[in-house]
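Consider the two complexes below, in which subunit A is the common component and subunit B and subunit C are the respective partners.
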Partner chain A sequence: MRNQIYILGKLMEIVIIFFVIMTVLFFLFRLSPGDPVSKVVDPMLTPEDTQYLIEQMGLDKPIWEQYMVYLKNCSTGNLGVSFHYGEPVFKIIKERLGWTILLFTSSTVLAALVGVFLGKISAWNKGSRLDNILSISALVCYTLFIPWFALLLLWIFGFKIGIFPLGGILSPELWVTNSSWFARGLDILHHMILPLITLFIINLGSYLLLMRSSMLGVLREDYIITARAKGLSEKVIRNKHAAKNAALPVVTSVGLSLAFSINGGALTEQIFTWPGIGRELIFAVSNNDYPLAQACFLLIALVVLLANFIVDMLYAYLDPRITH
Partner chain B sequence: MALISIKNLSIGYQTKGGLLKAVDNISFEIEQGRPLGLVGESGCGKTTIGMTLMGLLPDNARILSGSIDFQNHDLTQLGEDQWRKIRGKDIAMIFQAAMNALNPVMRVDEQVIEAIVTHKPGISPGDLDKRVKELFDLVEIPRIRMKDYPHEYSGGMKQRVIIAMALACNPQLIIADEPTTALDVIVQDQILQEIRSLQMIMDTGLIFISHDIAVVASVCRDICVMYGGQIVEMGTREEVFGTPCHPYTKTLLGSYLSLNNEWKVIIPTMRKAPDLTLKSGCCRFAVNCKICSNAGTSGIPSWINISKTHRALCCSEGIIRKKK
Partner chain C sequence: MPIWIRGLPIDVRGRTKGVFMLKNHYVQRFLQSWKIFIENPLGKTGVIILFVFMVMALASFVVPHINPMYDPMIGIDPNISISTGPSLTHWLGTDNVGRDLFAQLLEGAKVAFIVGLSSAFFSIVLGMVIGMISGYAGGTLDTFLMRTADIIMVLPSLVILLILSSLFGQFNIWIIVFIIAIMRWPAVSRVIRSQTLSLKHRPFIEASKVAGASHLRIIFRHIMPNVLPLAFLYMTFRVTSAILVEAALSFLGFGDPSQVSWGMMLQWVWKSGNMFHAPYWLLPPGISISLLTLAFYLLGRAMDEVLDPRLRKEGRA
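What follows is the complex of A and B.
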């Protein structure tokens, strides 16, 4: 019962914070330079037509009235029409979101699993050659400049060797022919590998280092000596007693980086022309496509909030000391 | 025949400042059913001895010389695999519970089960369940609390679980390293009674390590007083605490406040910490020994027998034999 109340309270919190973000975003966009009207309005139009358009878009109304309309529309999922595409923003976002989630979830989860495993090994063999190699590689991964690394991969594997496509998600011939879902899936995977490697490498370093330092801390704990004193094998001590405790901070990090990656991965998406949210956001911002940019920001906010919520829940499940 | 006999044991830690001799040439024996107390101030090597008897010395520690005979084996010669068979089964350790000695993310009964299953892999689930319940009954923890996590226990209960864990495989020798140090006086008394009665019921050997004279006196029948890695005086409880002979023992007892002679307290003057890098065989207490520095003795102490069981390590026979 206490748990239900906590979850309910947490959800209420999310709603309130989201509302605040919506409000801030609304006013930020009104303050930003550039006039939305000039973007859509053709200079050849007569002043009457321009006036008509402004009225149609509701831009002649006082700002608080615009705000109310905005709130109403947002709550019903009506995020407006993209200036550039001329399509409902909701539809565009819906198309892009799946690709972003596919790429970022798989790369983050993969990086976390491998990072936890390697970090564990590294900490367990602290000071060894293996540990040195792993730590230094992790530091290199962590400090890599994303665009440079992405372009390098693209140049080597896409251009020089030519085993991976240069961008996109599907080969054009598969779009037109009636290919099986399996062939399409395989093709998507083929397209996904380079961006996946990029994001994997970049995330891997931080997870490895985090797990390593967390594990080193845990290994100094007294319950590790207790476990040894019971006569347990080193493997059991490492995996059951140490790693389980050490992985807890990594869980938090995974949740947060998943949220961050939606926008942080925009560069990767851009370079590999991956049709996701991040790339759309760059496009929308550089083209003054306000409705689209606004929706992207709202989505990012929502993902951050939800990811936080999930991490909270997961943490309580993994660490019995935390009760709600 | 003695349960375990330690002969001329020296243990050193490799440090940046050179080899530090934490334990210097000590010998003692433990009889079954006769608890032995190791008393001394922090850093005198008590815990190092305990850890040596568990084979759990840190990596930078080395056994320099001596032997530990236990069940016709010399424990100093054992490899890690052989140690694992002894640890928790024949020799078990009771740790200080306050120091996080229980794994926070594992249920308490699981941690006790682990201690049993490690040494009896073939035990049937029925027998295992029976044994776990037996152990919880033995240390007087209600069975409904078995499935709790350590953080849900009080300090006293945690200490009881640790005792239960140590008793899990009916060890022949139990090493209790400051088991009551962080507990309040009432709980401390309960735990001491627990240890005393369990030791008597199970008739095991017991080494009780503590800096608290009162605690050691209440549990142990034989006492070894340690200073700077050396045993300076040993004998029965009555001999050592009733007629202390070594200057350090006198100082130690003098620093102990009691209700009936509070005006006769000798404020001990300990000017320097013992130099643990000294050559083996030198008196570590000489730097602080008033009598010794006045008399200008050789600084090489030898054992002086006072009675059949009572002896002291000192440079001057006169000091030891002198009546008060």
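What follows is the complex of A and C.
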């Protein structure tokens, strides 16, 4: 029962926050300089079509009614028509979302696993040469400028050595010929390696540093001394008693650092021409495609909120004290 | 009795003593801290890197006066019309219209310092004031401010800046600085708030309440001096993120078009198609951004160790 109340409360929170974000966005669009109609309706359309869209969106009505229409449209997924593609924004975003999720989840999970493992080793051997090397490299990873690192990878592996493609997700010839699904999958993986490495390296540093400091804190706890006094082997103390407890803050940080990795993700997608949401957003912003930009933004906000919700749930599951 | 906050003795009683003694006390403590700080290898590395970049930033004021063609934005070498490699007249080479890359790199250092320091300063001032008010007032105001902080904290700042610049056109550098500051106060205010909560019920606050001090006076005269060291620690980390966000924004082409910055240099090498055959153009700005952010991060870590003795070098617990 208590768990259900906790989950319900968290869900309500997300709904309210998303509502606030939508409202702020609506008023920002109306407050910005220029004709509000030009932000919603493609300026290239004929006057009749424009008139039709204005009536459909309620742009000729007072601002409160416009706001109601906007909320209704948002909740039904009707986010307008992209100026550039001439297609419903919803459809475009649906196509892009899969690619972003593929790149994001794989790099985050990989970075978290490796980061937790290396952080554990680093903290356990505090002060040793291994620890110094690991923490300094983690620091360097953490402060690397993402776009530059991506360009560097592109220059070295894409151009100088030439073993990886310069961008995109598929080689066109594979689509034309009737190649097998396996060959296509392998091709996607081949295109994915450089962006994956970029995001992996960027995320790795913060996970490693966090796990290291969390583990150092845990190692000072009394129950570690108790475990030693009981005569448990060092390996058991390290993996069962210390690392499990130390990994908890790392789990919450996945949610908090998501904002940071979305920034990095958008830049990475842009450089490797990976057709995800981040690249679409940058494209929409540079081409003044307002409906598309707005939809990308709302989607990113929604994903961030949901991810934080999942992390909260996971944390409550791992640490039952939270719900009490 | 000194009160220990994260290992730093803050002599509360000292505040009521003569001002002169207080100053002396602070100077002594500062010198002690500085000694720990500079003996720390992290701190030392950070200070050295920072010093080099400061010299570069100062040099950017001098260079255009040596020869007008060294102006980072409008100075063009008349003999050069494509990107060329390093030479005696152009130490790092030139870009595709004949502008000196070294001069641009120096200018970039100046811009990075301006952006990083000023937006970090704004964000800690905002974070500190909001955190103190939130912690001191409690109740509905506290809930409201902290929920707002939560919302802002999970939003990706670069994405926000992108959407804002699509609506309002390209920003000048100060508006970018200000928006970054607004995006970055929540983490500071959370820490300051919890510090304020623990300070709020200390006898010296109660005493000043009884003596008739107003809320504002208590917040700014009695609580603020006790949370300042913590706020400054957070400032170094804010500098890092501000520099990275501004560079990323410029790299995507949404920076201040009238300012040369490192992100802008990378944007030019990328967009002008010189990326694959001009390593002398691609490498320096990226290395500079990474090194400068690393320096500020190291500084923050070293300061953390000064403030928290538990973090200092010891064997395994």
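Just so we're on the same page, the second predicted complex is superposed on the first by the 289 of 324 C-alpha atoms of A that agree within 3 Å, B and C clash if a C-alpha of one lies under 4 Å from a C-alpha of the other, contacts with A are read in each partner's own complex, and residues count from 1 in each chain.
Assume contacts are C-beta pairs under 8 Å (C-beta built on N, C-alpha and C of every residue); 3 or more make two chains touch, one makes a residue touch a chain.
Fair warning: this is a prediction, and the values are worked out from it, not measured in the lab.
Asks: Once the two structures are overlaid on subunit A, check if subunit B and subunit C clash or fit side by side.
Replies: They fit side by side.
Asks: What is the angle, as a multiple of 10 degrees, that the CA centres of subunit B and subunit C span when seen from the CA centre of subunit A?
Replies: Roughly 70 degrees separate the directions to subunit B and subunit C.
Asks: Touch check for A:146: first (subunit B), second (subunit C), both, or neither?
Replies: Second partner only, subunit C.
Asks: A:104 in the overlay: touching subunit B, subunit C, both, or neither? Say first, second, both or neither.
Replies: Touch status of A:104: no partner.
Asks: Going by the contact rule set out at the top, does A:232 touch subunit B (first), subunit C (second), both, or neither?
Replies: Once the two structures are laid over each other on A, A:232 reaches subunit B alone.
Asks: Touching A:164 in the superposition: subunit B (first), subunit C (second), both, neither?
Replies: neither
Asks: Looking at the overlay, does A:274 come into contact with subunit B only (first), subunit C only (second), both, or neither?
Replies: The answer is neither, since A:274 touches no partner chain.
Asks: More residues of subunit A are touched by which partner: subunit B or subunit C?
Replies: Between subunit B and subunit C, C touches the greater number of residues in subunit A.
Asks: Which partner does A:244 contact after superposing on A: first (subunit B), second (subunit C), both, neither?
Replies: Touch status of A:244: first partner only.
Asks: Subunit B to subunit C: minimum CA distance in the overlay, Å?
Replies: Superposed on chain A, the two chains' closest C-alpha atoms are separated by 6 Å.
Asks: What part of subunit A is shared between its subunit B contacts and its subunit C contacts?
Replies: none
Asks: Hey, which residues of subunit C end up touching subunit A in the complex?
Replies: Going through subunit C, the ones touching subunit A are 150-151, 153-159, 162-169, 240, 244-245, 247-248, 251-254, 263, 266, 270, 275-276, 279, 282-283, 285-286, 289-290, 293-294, 297-298, 313, 315-317.
Asks: With touch defined as at the start, can you tell me which subunit A residues reach subunit B in the complex?
Replies: Answer in residue numbers: 221-223, 225-233, 241, 244-245, 248, 318-321.
Asks: In the complex formed with subunit A, which residues of subunit B make contact?
Replies: Residue list for subunit B touching subunit A: 54, 56, 83-89, 92-93, 95-96, 99-106, 114-115, 118-119, 149, 151, 162, 165.
Asks: Can you list the residues on subunit A that touch subunit C in the complex?
Replies: So the residues of subunit A in touch with subunit C come to 17, 20-21, 25, 28-29, 32-33, 39, 124, 126-127, 139-140, 142-149, 151-152, 154-155, 159, 216, 219-220, 224, 255-256, 258-260, 262-263, 266-267, 270-271, 278, 281-282, 284-286, 288, 290, 293-294, 297, 300-301, 304-305, 308.
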